Each structure stands twice: as C-alpha cells, then as structure tokens.
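Two complexes come next, and they have one chain in common, chain A, joined by chain B in the first and chain C in the second.
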Partner chain A sequence: MTSQTQLLDRPLPAEIDTVADLEAYLNAALRLEHATIPPYLTALYSLHPGTNSDARHVIRVVAVEEMLHLTLVANVMNAIGRRVDLTADDFVPAYPAHLPSGETDFLVSVQPFSPAAVTTFLNIERPAKAPSEGRRLLPYSDDLGAGTVLAASPLNPGVRFYSIGEFYAEIDRGLRHLDHEYRQRGEELFSGDPAWQVTEEYFYSGGGEVVPVTDLASALRALTLIAEQGEGLGGGIYDGEGELSHYYRFEQIQLARYYQKGDVAARPSGPRLDVDFSAVYPVAIDTELADYPAGTPAFEAAETFSRTYADFLAYLTAAYHGQPHQLLDAVAWMFRLRDDMNRLIRNPFPGRPGVHASPVFGRGPLERS
Partner chain B sequence: MSLDDFVAFSSEVTGFTEFDLLGTGQAQSYRDTVAGVVGEQGLAELLSAYRREVTELSDEQLRAEQLTRSVLGDPRLGPLARNIIKLWYCGVWFGLPGHEDTFTASPQAYPQGLLWYAIGANPPGARAPGYGSWAGPPRIPALPASPIPRSLTRNPSAG
Partner chain C sequence: MIFPEGASARTSPAAVAGRVYDVVIVGAGIAGAVIADRLSREGRSVLVLEAAPAEDLTIKGYEAYLTDFYAAASKDNQSPYPVIEPVPMPRSTDARPIRPGGPNTNGYLVQNGPHSTDTTYTRVLGGTTMHWEGKILRMLPQDFELAEQRGQGPKWPLGYADLEPFYREAEREIGVSADIEDQRYLGLTYPPNYVFPMRGLPPSYLDQMVARGVDGTRVELDGEEFSLKVRPFPQGRNGIPNPAYDAGRGFVPVGAVSTSQVDEGERCQGNNNCVPLCPVQAKYHAGKTLAKALDRNVDLLAQSVAYQVHTDPETGRVTQIEYRHYHDPNSAEYQTGFARGRTYVLATNAIENARLMLASGLQSRSDLVGRNLMDHAYLLTWALLPEIAGTMRGTNCTSGIVDLRGGRFRRDQASFSIDIHNDGWGWPTGAPVSDLVRIVDQNTYGFDLRRSLVDQVSRQLLFAHMIEVLAEPENRVTVDPRYRDRLGNMRPVISFRVPDYTMRGAAFARRLSRQLFERLGAQDHTSYDPSEYGYVEFEGEGYRILGGNHLAGTHIMGTSPGTSVVDDNQRSWEHENLYLVGGGSMPTIGTANTTVTATALCLRTARHLLHELRHQDQPVALATH
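Presenting the complex of A and B:
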C-alpha cells in the first residue's frame, strides 16, 4: 500500500505503479485534452462573421493550444513505447461532460458563445490545488447521467481528481516513480522510437512549441507546458514563455478588459475588450445526430461532418503512429473542418425556430452506420 | 418578400443549394443590399415573377426555358436577376442604369463569394487553407442533384 492510499478512508487507485497504469492515465489525458476542443471551436464559430474579433482571437488561441496539448501527451505516450489511439468508441466524450472543480464538478457543453460558456471555459482552465493529500482523489456519484466524467481515475471507477491540475500531478508522480524504478533495474522507461516524436517541423502554431519527449526531463517539461498554458506558472498569470495563460485569457472576456504586463490576477488594466453576446448564432446545445430530422440538408451536413471528424481522428492516430509528417496535411484538413462547421452553424436547425444547427463530433463506429 | 423567397430564387439561379447559400452567412445581407438599391417593390416584382412563372413547373428543361424567357430575358427583371447572381458569386453589387454605384456588400462578402467554392480555392488573403494545401487538387463541390430549390419541391403548390 502506498503512502497516498493510507491517507484515504477507502481503497483508491493512488499512485501509478506500472507502465500499464501510466498508459491508462495518458489515455485519459488524451481524452481530457481533446474534450475541450469541440466546445471551444463551437463557441468560436458561433460568432457572427465580422463581429467579436477580440473574443474570436482569444478563443482561437486557446483552442489551438489545446491541440498542442493533445500532441504533447501523444509524445509522452510514444516515448514510453505505447500506442496513441484517438479512434476508440469512447474517445470523444458524451456532452455535457463532467469536469471537476474542487469539491464539486461542473458541466461542459458544446454550446454557443455566451456568458455561461465563458464561465465554463474559466472553470476548465481554473488553477486548483487540493487542500490536502487526502482530497486529491474524490468519489463521485454514479447518477451523473450519460455525460462522460473527465479527469477521473482510469484505474478505479467512481473516483475522480480534485482538479485537472491534480490529475496531471498524478501523471508527473507516476513518471518520476517509474523512471526511478526502471533505472534501478537497469532498464529504460523511455524506450519508444524517437522518430515517432512530433517535432516542431511537423507542428506549427502561434502559441507554445512542441516538446519532443525522449527522457524523464523532457516528459516532465511537456506536462509542465500543458499545466502552465492552462493555469499560469507558480500562481502568476503568465506561463513560462511569458504568454498569458488560458484562464486569464478567458477572464479578459468576462471582465471586458485586456491584461498587460505588470498586471496581477483579476485586475487587468489594458485596453477595453469589446464583447457582443448578441452577435452569435444560437446553435443547438449538445446536439446528437438523432436530434436532426432525417432527410434534411442540415442532417446530411451534420452527418457528413461527424463522419469526416471521425476520419480525421483516425488520420491523426496514424500521424502519431510513426507518421508525423502527416500532421502537415492535417492542417489543411482542419481548415476544411472549420469551413464545414461554419456552413452548418449559419443554417437554422430544422423545426426549431430560433435555434441554429450545431456540429456533432464523430464518436467512432456507433454513429457511422 | 421573405428571406426564404430570396434564398429559393438565389438557389435556382446560382446552382448552389439553399443550405449552401445560408451557410455563407450572407443571405440577409444580400437581400438587404438588393432591396436597398432597387427598393422592396423592385425585389418583390422579381421574386413574384419567378414564383408565378417558374416555380410551378416540375420538368427541369421546361423550367430552365421559362426562367430564361420570363425572368432572365425580361428587359427589366433580367439585369436585376443577373446582378443577384454576381452578388452571390463575387460579393459585389455592380452598377445598373439608374443605380450607378458599384460596391462590395460587406467585408464578409468577399471571402464568402460562391466563386471560391465553385473553383475549390480559397479567396486570396482570407479563409486560410493551410500551408502547402495548394499542392493538392482543388476540391470542387458536386452540383445539386436537382436545380429545383428544396424548399419548393417540398411544397410544390405553395405561393
């Protein structure tokens, strides 16, 4: 029994003890990072064209950095010689998904840009440290509905972390622990093929550089970048590269003002940030394909998009499986997905006056019949 | 005349579905642009003639001939109808006798022009397609299965 389980009043999964445990956690991390992307993109493209350029820029930057985070986790997975798979039936969560925010959890929906959406985004990126070792892992109720519980323990059903930060802290601990064990046995934990690492020649974006993972130090650096881009470095509002972290980027929308250098949390003093919550397509919330009347153009477009998205995840899986150069073509594919999402969102939802169509993100073979 | 009437007419004369047209996000803006130049009455006359002369016909060949004869070939309605086609494709309203100004409908009209979709290219400087994507063949959308706007086939006797 580990020191952590001794602190808890019931048997809990505690530390990552084997590479299989670590793999399960990294799979949960891939799901977690990906789960934020459909809500961010839907809110982004719900903005009327030509309006809300400030909010558009803020959401876009964060969404793109979540794609970087997905790639960073994939690099860690490949570095330990385990397989990245974005095509599993449960890879895309059922929305509204549950994310922890301390003692309680909150719902993450695929929804239009709104004050409620911004609050959700702040919750996703909120820095939260458990008040004590014993509160890092908490049981959650079984009757949460159909939504996926994110940042849950992949080893012990019914238990989730206090926060995303604590979830990643567990992976950090597991990596250090296993690396130490392997070294003592004269073995190498990071035995994956370095050619499978996604390096910066295959991944370009505005925010943050991709970290190739070949050893413990680079693995921890990759995970640290994820945490810092989300919640800032050491309680500050910036990450290690001097970029405003996601939480504070979104807070600018809520407070309608930009941060500037020298500012402290919650008190931005930069230029005004203009938000127009009325210049938004009221897209349907947490739509499933079954919600669309069959035979309508909106259904056909939503179905095509869903299938294309599932195909895209399969393509990314191949890229992470030793074909990193495929990521270059993936960019063009992502822009086509953007155009498809925009086309859908600008159309009314058939039979629902005042509601617009909303993308459904492919969830594997179940919806591909 | 409602936005739906304008979009149905636009679909038949541009060769894009009503879903595609609404998907550009420009339908209301274009309708207002047209009405702003020729007046609500001028737009209503065009859409009424289309509805009266064309929409009842189910034979595609007869329909095309009638559209040419009674709308596009009409000395007054024809230039207006062609201007609406050009507006959808280029985002530009071209000057007409009596309405000399030529202008872009809005900043979004240029990137949303149908011409870019028709040739499978992105508008230069907008809707970035991703580095190197120009090395691949253009993706040209298929023509709609029927030129008859979907909203009209569902309610053939409407109007």
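Presenting the complex of A and C:
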C-alpha cells in the first residue's frame, strides 16, 4: 500500500446514523431501482413485434426483476415502520440520469434498443467495488445539467457513491449499525407490521423470490438478492438461486450467444442469440411532455401514458401501504402500460421525420396533474 | 424449462435402424411424453417416433406459432400450425353436412356419418396439448361404475381408488391450479391433507355474474333434487404455488420451454386466446415433459409417420414398426424405415391408434379395435345478459356448473357439465368478428362502433354443455384402401351417430338453459340451423351437436379379450409386447375432459412397464435337476 492511498483511506464518517438517515437512504434506493425501469421498458417495446425474440426476453426478465428489487426495498422500508411513497414529485428521475461507474459516471436515457442502449444496460448492472475505502464516496460537480444523479448520498449533497454496489454496502452497514444500537437499548428496529410485507404470493418474477423482511437477517438477504441478481454471486455469472445475473444476461446480446450452466464470464457456450438492431422503432430520446406539439394525437397519447404511469405509481404506493394483495392486479396494469406505450412508440413524432413518439413517464398522483 | 440443445436431431433413420430400444413409442403428445419421461428416469432407452416435423423447442419457434395464429383470419384450433402434405390433420373448418350417397372426404377424416363431426386433434410435437383448453376434471368415482350402478356402458377393470394416486401424479406433471375445497363434490375424494400444486385461478367477472343468478337454482331429475352452483374448474395453467402442497414442500411451476434460460410462463396472465395457444406457455403442453425426457436416454425421430405395426404370426408379438420418413414437409417423398424395441407403445390418440392397428391388419379377434369411438357431445346455448359482464376477459373457461355430472338419472339419460365461456359467442357465431362486421354494415364507425361492439360483446353469455357419450359398437373408426393420405397412409374413416341416451341429456340441457337464462334476465339467442353440420333432430326438436376433441374408446380396456382390446395396464390382449394407450382405452368418459384421466392411465402403464422390463432383465433361473 502506498502512502498516497493510505492518506486517502481515512475512515469514512458513517453516513447512516439514525433511522431517519436509513429512511433517506431507502428512499434513494427506491428511486435508484425504479430509475432503470423506464429505460428497460422503452427499449423492450421499441422492438418491432415478431422480431428480436431473444433480446425481448432478456430485457423483459431484467425489467421484471427490477420491479422485484423495488419491492424488496419497499419491504425493508415497511419492516422498519417507515412509509414507502412512489408519488413524490422527484420520484421519477429527470433523464438522462447519472449513474456511477467508478470514478466517472454515465448517462441513462429513455431510448430505443440499440448497441448504445445495451452498453448502458451493462453499465447499470456492472459489478464494481471501490479500490479503497476512501474512494467509496466521491464528490461530483454540480454542473451536470438537469439530469438526476442516482446513487448519490441523500445526506451529503455533492457526494455520490463509487458504484451501486457501494451505495448498497452503505445501507447494509447502516442496518447492522442501527440494529445493534437498538438492541443495546432493548428496542426493536424492525417494528413494522409484518402484514405489510409483500410475500411471494403477491409478487412473482421469473427468477428470484421476494423476501419478506422481519429482522436484520432477512433485510440483509433482501439487499443481497438485489446485488446478486444484478452482478452475480462472488464473481460468478449466476446468482445464489442459479439464475443468470443481469449483467451476463445483457452481455449475451453483445456476444450473440447464450450462457449455459458451467460457463465462465465472457465465454458463453449456449445456443446462438440473434439480434436485429434495425427492427426497432426509432423512438425519441428522453422526451418531456412539452416536446410534443400541443393538440396533436401524439401529445394526447403521451399525456395519457404519463397519467397512467403516475396512477400506476400511486397504485403501487397503496399496495406497499398495507395492501400487498393489490399487487396481483399489477399484471393487468402492465398490459395497460404496454398498450399505452405502444400507442406512442408505433407512431411518428409530430414534426420530426424519422423519429417515433416516445413515452413520458409521469410522476405524482393523478389529482396533481 | 431448458430443452436440451440438439435433442430433436440426435438420431436419424440410419442410427435407429441399428438399435433395439427398451421401448418404442409412437407419438409425442402428452401420453407418449409422460411414458418416455418415466421410463427414461429409470435409465431405460426410449425411441419416440413423431409424425410432425420437430426442431428443438425454443421460445422463438413457439412465438412463430403465435405470430401465425395472430395473423390467421380463422382462429380455429389448428390455425397456429402449418398445413403440411405428409401429415394432414382434421380441422373443424372442414366439417360439412353429409350428403346422401357417400362419405364426406373433404378433410383428413373421411366421414361416413350419419353425424358429421368437427372434432379435431393436433399433429405437431406436443400433440393436442398444443391447442387444448387445459381444464383438468377428474372422472367421478361413479363414472367408473356406470355399468354396475346404472346398467350403462362397458365395465371398467379398475376403479377411482385404483387411479387416484395416478391422478395426483398427473396433476403434478401437468401443474394443476385449483382449491381443493371447490373440488369435493359427487363423491370426489382425495387423501387427507391433499391440496393441488397451485391455488385456484380467479373466476372471471362473468362467472361471478352468472353465479349471482344461478346459485341455488333447484332442479328435479329422476326423483332426485339438485341445487346448482357455479364452481371453478381445476386448470392446467400455472397459478400461485400452494405452500401446503406435497406435505409443505410446495411446488415450482414449469414455465416456457427453450434451449436457453427463459423466465416466462410461471403464472397465467388470463389471456383470452389461451386456446389454442397460451402466449406465455403458462398453460401446460407436452413439450414441458418432453424437454425433461429428452435430457436423458430418449431419442426423438421426427418426420416419421408410423405406417405399419409388424407382428410375428406365431406369437402375436410386435417385431417392428415400419414408418415413412419424409425429408421435406412440402413433399410427399419418403423413405421407409423400421424401429425395433422390446416393447411398443402406440400413443397417437384414439382415432390414430385404431387407424394404425387396422391399417396394419391387426383387428382383434373380438372385432373391437376402432369400435366404441367416443367424444363428448357439445350442445351450445347462448344469450345476451342485461348488463355488461366483462365477456372476452380471462382464459376461455374458468368456471361451470357440475352438479348434473352424476345422479340416478344416468340410468336413462346422459349426465353433463356446463362450461361458462369467457369468449362469448365465439364458438357458435364467430364473435366478436361477426359482431364487428354486422355493426360496420350498419354504417357505424369511430367511437360509436367501439361503444356498440363493447355493448354487444361484453354481454354475451355462452353455455357449452359437455354431454356424456357412451360406447356404441357402431360408432367407429375403420380404414378403406380407397382413402389414403399423400404419404400412402390409410385415412381414418369415421362412422358416428349421436346416441339417444346422449340426446335425452341434450334435450334436458336445452330446457334447463332456457330456465337459467330466464333467471339471469338474459335474452336467449340460441338457434340451430338444419343446413349446418352437426344438426340433429330428436323427438321433434332440432339441436346442433359439436365435437369436443375428447377422443376415446377405440381400444377399450376390460377384464377379458372377448370384451376389450387392452387390459387394465393398457396392454394388448393379443400382442403381449404392445400397449395401446390414451383416451382410446377408456370404457366410459363421463363428463370429464379426457386428458387427465388418459395421463393417469399412462402413468400407471409406465409403472407397469418399468416393472415388466425389470422382470425381463432378471437372469433366467435354469432348472437344476
């Protein structure tokens, strides 16, 4: 170890010291998990129907598992007796949003399926560990534009984590710390109503099972599942449940071949995977409602979708607020969102030749819009 | 579920010619698949001959079927599947009234009449589970004792209690969703603490509307009183796993099949085009079982249509199966091949099993092969409900009325169950397309068109009465060298008359549906056109009887060679290493869709075959005197 790194490796002030800190972090985690869903869904539905079956299934599974991650964070939040709210004005990020990738960050856009989109997806899911304790939190400049900075410290403006993994490591540390502190005081950190927990009865994704959170062990398990599904287990390509992790699922698209059991990273040996980047609707990138000429059918469709999406977030908020059975109807919601999104994606953007309309992901409940 | 890559092309006619398998199975539908699976589990070598082309099962291949289905103008059960010359299949759209003076040779089935049926089966990898409804009704205990209790139908050599463990095994294999408390009626029993693998799927809104009007209706029949109740059907579709299943071990649903990891289909999404093809493979198809089997010592030889079963004239034992292998699905050119095994299983379905036996000249001494052809008789009645009922939502059929499946009346007339169809009048009238055309013709467009289409279609109520048909020797499959397919195989010739016993049940069902429509305030729109196929006159009234695709009875099982073709293990009485399996072995079909019973019988046969093969493998004890 050089003297320089020693200098940098000064112990980090513990970020999470109170339940309020933890709540702030979990809120940031909910935003982070949700932030990937609009880009994944847009890329998914930008594929021409009847084409790109391989890519479609890869993206779909990851999108569904991101919803699982959202649910897992919600379970942790409910377990500590704090409230999940997906309807806050700043809940849906402003795109392009910033995500960390080590020393530098990268931009996440709502965009059509393309090689660039796949690269972004790989960046989102890429495993990254800070080279030293001192590099876990990094300052970022405040002239990044309007885009939301994700995986930033919710307590310390101007600082963001080295990676999503490091962001979750902080929550992990905070949970252990607070649980210990509560126990010493003879109190219970996990005092939320267990009936509010979403169980596998109410949420299913193709792969991982939802973890009901009632204590420290289950909370850590929920967070571990989030990390493993993204990055794999202990450097392997599969997670603890034998599911291919997201990073390697996307890498299959780049390598044009499927992984199968027994494979090692970067050397998939399964069946061929075909991608046709031309069979994609060229949807506009990172649109706002204001981009659509008022009075056009495209504007109306964008407004409708935006409202439906905001309603969906309000609906999820209610489900996470003690009504987990409501998640069963999320299937019907997903069909509705798909249909509303297709109405945009399959139509031209008014006044922009060669560009298709694109969904605008609304925030806040219906009453406010 | 991972399909082993390359398994569909692992063998060839040349490689097959050089091998003797433990078992040669003809047909890769659910019957052949479960037997192949169970035998291969114990290390037995199996060859499955399949008539249709077969590539590795992939999600892409499945989606190609879906795309064709979506694009097809006619949405009949076969519409997802390509029509190929060497392997024709019956299609409901081929059915025509039979004119005097000769059979209807229009479709693949040669129809002698007098009844003209639109029954179908699907000749693709996975068989008819590639279009089935996935309704999983066990037969009632009394269905196995109809002869003893009511003097009707041939006797079964086994009873409900004998088959019960195999029903459970079939329910695991298929992956059945149902709540056990809904499925205890008319003597249906289960072991203590049994639950289905997955919880019941939700009844449709339409079901709930109908229940409000129908529940508690009293019906008197043959001196017995029945109280009607709308009840959910068990489904071969993935639902929420029941944690109490398997003594608390739970159940893991089997989703879509592909050569790579695809996490889809582990829950039903309620798609209305569930029949013929579930968009996400949440509905069981035999490919899910084949994928497991082909990962073991099982060879699949596709594009190989069984042509003749060869036997030793001295012993009656089957010596080989001659098949015609075609290279090009668009050509009738073929090469002849032979498959040899220690035992042979015909698992092609009731019509094709009989056809192959008869084409091979293997009529039994009892003259029963091909006779006693059964299929459920479907009588449809339809009406318009007074308010919007959400028709066209949910899978095709989630609930029904099953109270008249059993009773004393069965000494005189057929039992039936009533399906409530979530797809409206689609079956009899072609809704919603026919409604669309009619409304457009009224010069309605835009919002008004959408509004009136919803108003019309969402109020449609269809009752499909699934009526029992008993074995009648004259209802039969035969072959005739004048009628052959392009590969030279003799086509099935069907003679069928709807028995009066069934028609008495149909007449009762028609009267009952009038009564139920009245209770629901629904306007009866039922009409039967005498010029259409399926029209039957009975006691001065006209009806239309449609096919149920529940084929059975052409090689019924029994206790002696004089009265049956196979024994209770589905083993041919006259060819000791030959098994004729599936619905064809059933002496009665009651009012249960046949698949789960046929599958239970096949699982029982698989256990017997394993025992037989082990027994044959034992060293022969030489006499020591």
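Here are a few things to note about the model shown:
Methods note: the second predicted complex is superposed on the first by the 350 of 369 C-alpha atoms of A that agree within 3 Å, B and C clash if a C-alpha of one lies under 4 Å from a C-alpha of the other, contacts with A are read in each partner's own complex, and residues count from 1 in each chain.
Assume a contact is a pair of C-beta atoms (placed from the backbone, for glycine too) under 8 Å apart; a residue touches a chain by one contact, two chains touch by 3 or more.
Quantities reported herein were computed from a predicted structural model and do not represent experimental measurements.
After alignment on the shared chain A, the placement of chain B and chain C results in a clash. By the document's definition of touching, neither partner reaches A:256: not chain B, not chain C.
Applying the stated contact rule after C-alpha superposition, one finds that A:331 touches each of chain B and chain C. Looking at the shared chain after the overlay, A:244 reaches chain C, while chain B stays out of its contact range. Judged by the touch definition given at the top, the superposed model places A:298 against chain B, while chain C stays out of reach. Judged by the touch definition given at the top, the superposed model places A:217 against neither chain B nor chain C.
Of the two partner chains placed by superposition, A:195 touches none, neither chain B nor chain C. Shared-chain residue A:348: touches chain B; no touch with chain C. Contacts of A:266 after superposition: neither chain B nor chain C is touched. Applying the stated contact rule after C-alpha superposition, one finds that A:54 touches chain C and leaves chain B untouched.
The intersection of chain A residues touching chain B with those touching chain C, taken from the two complexes, comprises 50, 204, 331-332, 335. Residues 17-20, 22-25, 106-108, 112, 127-133, 136, 139, 150 of chain B are the ones touching chain A in the complex. Residue ranges on chain C touching chain A, taken from their complex, read 2, 5, 58-60, 63, 67, 240-241, 255, 259-264, 266-267, 269-270. Put simply, chain A touches chain C in their complex at residues 50, 53-54, 57, 60-61, 64, 200-201, 204-207, 243-244, 258-260, 270-271, 273, 331-332, 335.
Touching chain B in their complex are the following residues of chain A: 48-50, 204, 297-298, 301, 328-329, 331-336, 339, 342-344, 346-348.
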